[in-house]
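Written out below as structure tokens is the structure these notes cover.
Chain naming follows the written order as A, B, C, D and E, and within any one chain the residues start at number 1.
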Amino acid sequence: MVPISIFGFRALWSPYFFLTLVVLFLLYLAITVKWRDRFEESEPLTRSELIYFSAGMLLVYITKGSPVDLLGHILFSMHMVQMAILLLVAAPFLIKGIPVWIWRNVFAVPVLGTILRVLTRPLVSVIVFSAMFSVYHLPAILDTIKLSIPLHAVFTITLFISALCLWWPLLNENDFAPRLKQGLHKIAYIISSAILITPACALIIFVDTPVYETYQSGEAWLMSMALCVPASTLSALSGTGLSGPEVFTSMPILYDQQMGGVMMKILQEIIYGVVLGKIFLSWFRHERDNADELTQKQLLERKRLSMYN
Amino acid sequence: MAHDIEIIEKTPAEYAYKKRRSDRLMRSQLMMFALMIFMTLISFAAVQAGFSAYFVIPVVLLLAAVQVGLQLYYFMHMSEKGHGLVAFFMYGGILIAFLTVLTFVTIIWW
Amino acid sequence: MTTVANSVGQKKGFGATLWDWLTTVDHKKIGILYLIGGGFFFVLGGIEAMLIRLQLLIPNNDFVSAGFFNELITMHGTTMIFLAAMPLLFGFMNAIVPLQIGARDVAFPFINSLGFWMFFFGGLFLNLSWFLDAAPDAGWTSYASLSIASTGHGIDFYAIGLQIAGAGTLMAGINFLVTIINMRAPGMTYMRMPLFTWTTFVASALILFAFPPLTIGIFFLTFDRMFGGNFFDHTMGGNTIIWEHIFWIFGHPEVYILILPAFGIFSEIFSVFSRKRLFGYSAMVFATVLIGFLGFMVWAHHMFTVGLGPTANAIFAVATMAIAVPTGVKIFNWLLTMWGGSIKITTPMLYALGFIPSFVMGGVTGVQQGAAPLDYQLHDSYFIVAHFHYVIVGGVVLAILAATHYWWPKMFGTMLSEKLGKITFWFFFIGFHMTFFLQHFLGLMGMPRRVWTYMDGQGWNLFNLISTIGAILMAIGVIVLIINIIVTTARNERVGNDPWEDGRTLEWAIPSPPPFYNFAQTPLVRGLDTYWIEKQEGHKGYTAAEPVTDIHMPNGSIIPFFMTLGLFIAGFGAMYRVDHSWGLGVLVFGLAFTFLTMAIRSVKDDLGYYVTKDQIRRMERGRD
Amino acid sequence: MMKGLKKWRLVTLLAALTIILSGCGEEYLSTLLPAGEVGQDQFNLLLLTTGIMILVMAVVFTIYFIALAKFRRKKLGDDHMPKDVEGSHKLEFIWTAIPILLVIIMAVPTVYYTYKLGDVSAMEATDEEGNPENLVVNVTAKLYWWEFEYPEHGIVTSQELVVPTGEKVYFNLISSDVKHSFWIPAVGGKLDTNVENVNKFYLTFDKESKDLEDGVFYGKCAELCGPSHALMDFKVKTLSPDEFDNWVAAMKETEGATASAESADAGEAAFGQSCIMCHAVSAVGTSGASAPNLATYGDRNRVAGFLEHDKQNTIDWIKDPQKYKPGNLMPAFDQLSDEDLDAIADYLLDLKVEE
Amino acid sequence: MDLNTKFTPQSWPDHPETATMEAKNKFVGFWLFLGGETVLFATLFATYLALKNSVPDGNEFRTETLFELPLVFVMTMLLLTSSLTSVYAMYHMKNYNFKGMQVWLAITGFLGLGFLALEVYEFNHYIHLGFTFGNSAFSSAFYTLVGTHGLHVAIGLVWLTLLILRNAKRGLNLYNATKYYTFSLYWHFIDVVWVFIFTVVYLMGVVG
């Protein structure tokens, strides 16, 4: 078995990507701390916001920059883990990490705000995300995307944005943009999004042949490696018998693929489970803290119902 | 006595408001009906036109799902107040329905 | 129309009493009916169990014949699950849940009574098979190839009887759901509902979603056996695995329908007899909901050896194991409820204490079975029998026995003897472990389940012998309980509102047994364990939410009885249609009769009646 | 330190378990004494999960007994009012997290073995000459007997499965009437024989059966299949590869054997008269017979899978099969004279391929 | 409750279907029942999908050749329209226009009857072709799924007739308003199921 370190430092740790993220992080600090007073209605950065944002950035780097990314090009199951973490963990973290007042300003930008408001409408966002996610995993599409660097970048970023839109209505607590107020609606939203990505996962899990060219040994696989391995390294490696994923793992390709589907589904279920738990908890707190008000409501309702009795 | 019925008359203004609202609602429902008919037509047409099954099946399924959503939310008023738990149970039912169908088309052989 | 006077109950003749019970729509009386019906079937199922155990006492026994043995296990399983455990739980739900939420009755009193009669006639139908033709003999799971091949009318009895009883269960489920959603007293927010109410709620939701698949599955079976269908006939393109899926899509949630109310019962008991509020209430509620939810995702763990392929097995294995987590949360919360409390060991508490170790043992073997490759060895062996009796008897039956002692004073106004209660417990508990503990090892030693007899020399003799002796001890325990009930009823020493003295929930705030309208005034709920709060503040009874007003009560009706009778008759028609020409006529007549009663019900207005303020005041005064 | 301690405890626990569990059961029948790799894998999983379960129970029981000992009202006094606590997030986190951890520990080997034991891709593998590399046995379950076909060799046998040790044996399983389930507890379990599709799996047999008490492993039908489900046993003979080859050769030699009604042997004649239409006496053939192949009857260990293998039982069986196996599909031959029965039994007991 | 209380359009409550405790119970209960029905039909659909075109050797009935879309299209239109007419009926119910409601409900009933008649015709046609209930597993699954829906329509029609006739003389009150309302929910639900039937059974059947 060959270790993946043969691809060299750049492929493993994506230094340029790392630098980009560092710059973004500095920008974040600058806006939220240094230049904050230049914005009206700004509020001081809270600790939890900082933590969420840093964690989000870190996860983005881990999934798209670190060796995980490279593995994700070799193993389909790793790719699915990467997707799950990027789309279902990093995305909500970033939303929560950016202070509300910034979001308010973003949504106030004339055209952009309107578009965002449409894209983050619950019905739209859940459909767009599921559609993009499912389409992405159609064998023909995935194979095409993985053979072109720009296409891959564009699609990854769009998918990520659609994930942000998916999470928005759940996390938002203000009226300037779409939000789901009631716990029940949130639950329905989560369940329907879980359902909508199931067909894609199920197909991946239950199809009985390897369907992704770019995850099988051969030309396509090697070409797709170009996405994260510098061309020079790759050409230097040619002739070392680099033929396909089997060089790095003993797992049969079909199992890798099925495991990918299963990993995606399980991770997604765990994440959604945690979110459901949180929704339940906040519902519980709401009921506990507003018990008197709820009682008044019940008394009124009782009166209404006995009016005609 | 509790079973003396109180009758509350609406003022003319209130009544007019109620009328207006229900007429507006009715108009939107009529539009939804038109939409539903339209979608049905598309479904049948897509099949008749003989496109590839890989295209037709997702499309007709999607249209069916949307149509059902319209029925539930517009004709059956599932979005109105007091339908929270109702919606919850409908979604629960749909989830289980979905799982059942999913297994029957995957892990029962053939 | 029932008048107020006779609802209050003067001395009545036998005929009038009978009529009263046949027509009652009062949730408390229906609760008692469920207890009687369920209790009867429990003893019946128990006797079947005893016969099973006697047959397996020694190798090569011929105490019963092979065919009869299969009828015994089938009827034992079916009776215990559908006609004993569930109805007994329904009995307590009916009697207690409306009281706990401060309601005067359930949402649909009429349907409540219909549900009971459906259960009862369904059970009767099923058990008449012993006398007519032959009893069902394909196991309580009635896997399709065997149940289609089975000759005689046995399986037909199973199909039709369960269809009728199942419809009743579904009605009861919807009824409880609506009752809990709509009829809670002011101030009873969801997060103040006692756990028994919560578990009833979730179990009812499971019923709502689990019973329709069963209905359909049984229809398929009926069609295949009686009307020329081909769902399960592989020579005609059919597929027997469909039955297995449908049965377990129903069957797995069904076991949680049984255990969740049991959890609820124990939650009440732990908290009352530890004199302490339930530890981690919100986590308990969430765990309940989560168990209900996950309960629908794991059914294929009963089908690991069917050959669904490694991927399906792996998914369902992991999902199955996940259920251990919320269940564990519950177990630890109970332990921590006791921790730091003031534990009084009454009979109900004794059952609760017996429950924890028993259920944990049953639960962990469940998780072992969830490990698919290991289950290849365990499936259909006595290990499985041991597992599910540990969870069912160690969980559900102990809960039912506990609830019997705990709520008996509330339902009947007199306390069961504590001494006899404890004797029952010890016989039952020791007998239970003796019977089922060794069965784990029998399974591991290669003994398949559902075997009519076994050869000598396989190393199973001793454990089977011990197991049978244990079963006898259990029977003695049950007999002591029956004696206890008779003695207590004869002695009839009346008790007050709160006989355990540490009651926390609303049912203990009103007289035992409660008046037919339950609460003279609708209560105002002031927190979790509202009666406990009132007592702490030195109040007597409960705070009222509104002044004394006239109370609207539903009318009794005989229609549910006749509606079900029609179906009962139609069932015979459907079954005998195949071999007698009159069958069709009977089928049509029965259905027509039912439809007629339904039409009468829908055309005849039934608006109920009022109990006036004065009458209430008089009755409440008469009590003190 | 803590960790080391825990590990140490787990190891002793497992060791103790192994001893306790293997103490019970018969070698030829118990899952606790695995005689093959599959059974061993499953047994290891049993040990692992049992270990975890005992740990869980130990924790629960400890808290339980301490609580019970410390907080009795008898001790605390009748008017002791405990403090009400709502809950504890820290504790709740602990008892959610630790079970999750334990579940993961169990889930990993579970998934691994599920795939490992489900891997039948090598079933159809052939060597250069197109000969199958692995032994494949087609099992057909019938009311209430088992038929084993060796398609590679063109032979069939029933009631007794004969397999070589030390290699993977692949099985194709189907049922011809109602559902049954194929289980050899000591070797590994178990797979259903459905009516509408062929199920596949493999087992390995690591121990020769001749040292066992009866010289065979016991096999069981594990799915309720009618009145005689309990009696639908079969036996498994495991032979060294050489002996197995000999056995196959001997089986092939019975080609064309039949029982003629005109034979001088009274037993053969009577058999040819009444029985040959259902029972074959040649082991060469394919599956699909309506009654067990009797070519190896004399080598058998049991009559009809479960009765003591002797002449009296053979006669009794032929006279009234229903008495011994209710619901089986062989008609009674009580009209046969005692001499005929005696001769048939002798004839049958002489049908052997082993020495 | 008093059946004789007379309302006027002005005093008629905004939500008559949930104006009393009994009404609200019925309303919630009926919705829950529909949730259960969803699972019930799902089981039928799942079975149908598993057994679709699953026939013994030599049997030539297949979805592709059996189903005819024009008939299904007409049936669909009838049922969809009846869904709209029942919306109209509820519109009048909420406005306390009893006559209007009854008329629209009657129209709904006739449309439903038309649907049912076509379905009977369709089944009859198949049976004459030899595609009987016992023809194959596929036929059993088909008739059971579509027939269960048809049975729901039939029950709905009986219910509707009883409602219309029973209340013809006494007009609208809070006691029967819920009954009308739940009927309309039921009817919409039947429509929802049909949408899936024509999609999954007929359209996907013709596509293959």
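Just so it is clear, a contact is a pair of C-beta atoms (placed from the backbone, for glycine too) under 8 Å apart; a residue touches a chain by one contact, two chains touch by 3 or more.
Small disclaimer: the values here were computed from a predicted structure and weren't measured.
J.: How many steps does it take, at the fewest, to get from chain A to chain C if each step moves to a chain that touches the one before?
T.: Minimal hop count between chain A and chain C: 1.
J.: Which chain pair is joined by more contacting C-beta pairs, B-E or A-E?
T.: Most contacts of the two pairs: B-E.
J.: Taking each chain's centre as the mean of its CA atoms, which one is most distant from chain C?
T.: A
J.: Which chain wins if you rank chains by how close their C-alpha centre is to the centre of all protein C-alpha atoms?
T.: C
J.: When the C-alpha atoms of chain D and chain E are each averaged to a single point, how far apart are the two points in Å?
T.: It comes to 52 Å between the two C-alpha centres.
J.: Please report how many Å separate the Cα centroid of chain C from that of chain E, as a whole number.
T.: 34
J.: Measure off the straight-line distance from the CA centroid of chain A to the CA centroid of chain D, and report it in whole Å.
T.: The mean C-alpha positions of chain A and chain D differ by 48 Å.
J.: Could you list which residues of chain E touch at least two other chains?
T.: Correct list: 1, 5, 13, 21, 24, 28, 32, 35-37, 39, 43, 47, 50, 54.
J.: Provide the list of chain C residues touching at least two other chains, using ranges where the numbers run on.
T.: Residues 177, 181, 208-209, 213, 238-239, 241-242, 249, 282, 309, 314, 318, 552.
J.: Quick check: what residues of chain B touch more than one other chain, meaning two or more?
T.: As it turns out, chain B has residues touching two or more other chains at 2-3, 5, 8, 85, 89, 92-96, 98, 100, 103-104, 106-110.
J.: Which chain C residues qualify as touching chain B in the complex?
T.: 177, 181, 205, 208-209, 213, 239, 241-242, 245, 249, 296-297, 300, 308-309, 312, 549-550, 552, 610, 612
J.: Taking the touch rule as given, give the residues of chain E at its contact with chain A in the complex, in rising order.
T.: Residues of chain E touching chain A: 1, 5, 13, 19-21, 24, 174.
J.: In the complex formed with chain D, which residues of chain C make contact?
T.: Going by the criterion above, the answer is residues 65-67, 69-70, 137-139, 143, 145-146, 149, 234, 238-241, 274-277, 279-283, 305-307, 309-310, 313-314, 317-318, 321-322, 324-325, 328-329, 331-333, 335-336, 338-345, 353, 356-357, 360-361, 364-365, 367-368, 370-374, 376-377, 379-381, 441, 444-446, 448, 450-455, 458-459.
J.: Could you please specify the touching residues of chain E with respect to chain C in the complex?
T.: For this pair, the touching residues of chain E are 1, 3, 21, 24-25, 28-29, 32-33, 35-37, 39-40, 43-44, 47, 50-51, 54-56, 59, 133-141, 144, 159, 162, 166, 175.
J.: Please name which positions on chain A make contact with chain B in the complex.
T.: Chain A reaches chain B through residues 182, 184-185, 187-188, 191-192, 195, 198-199, 202, 206, 306-309.
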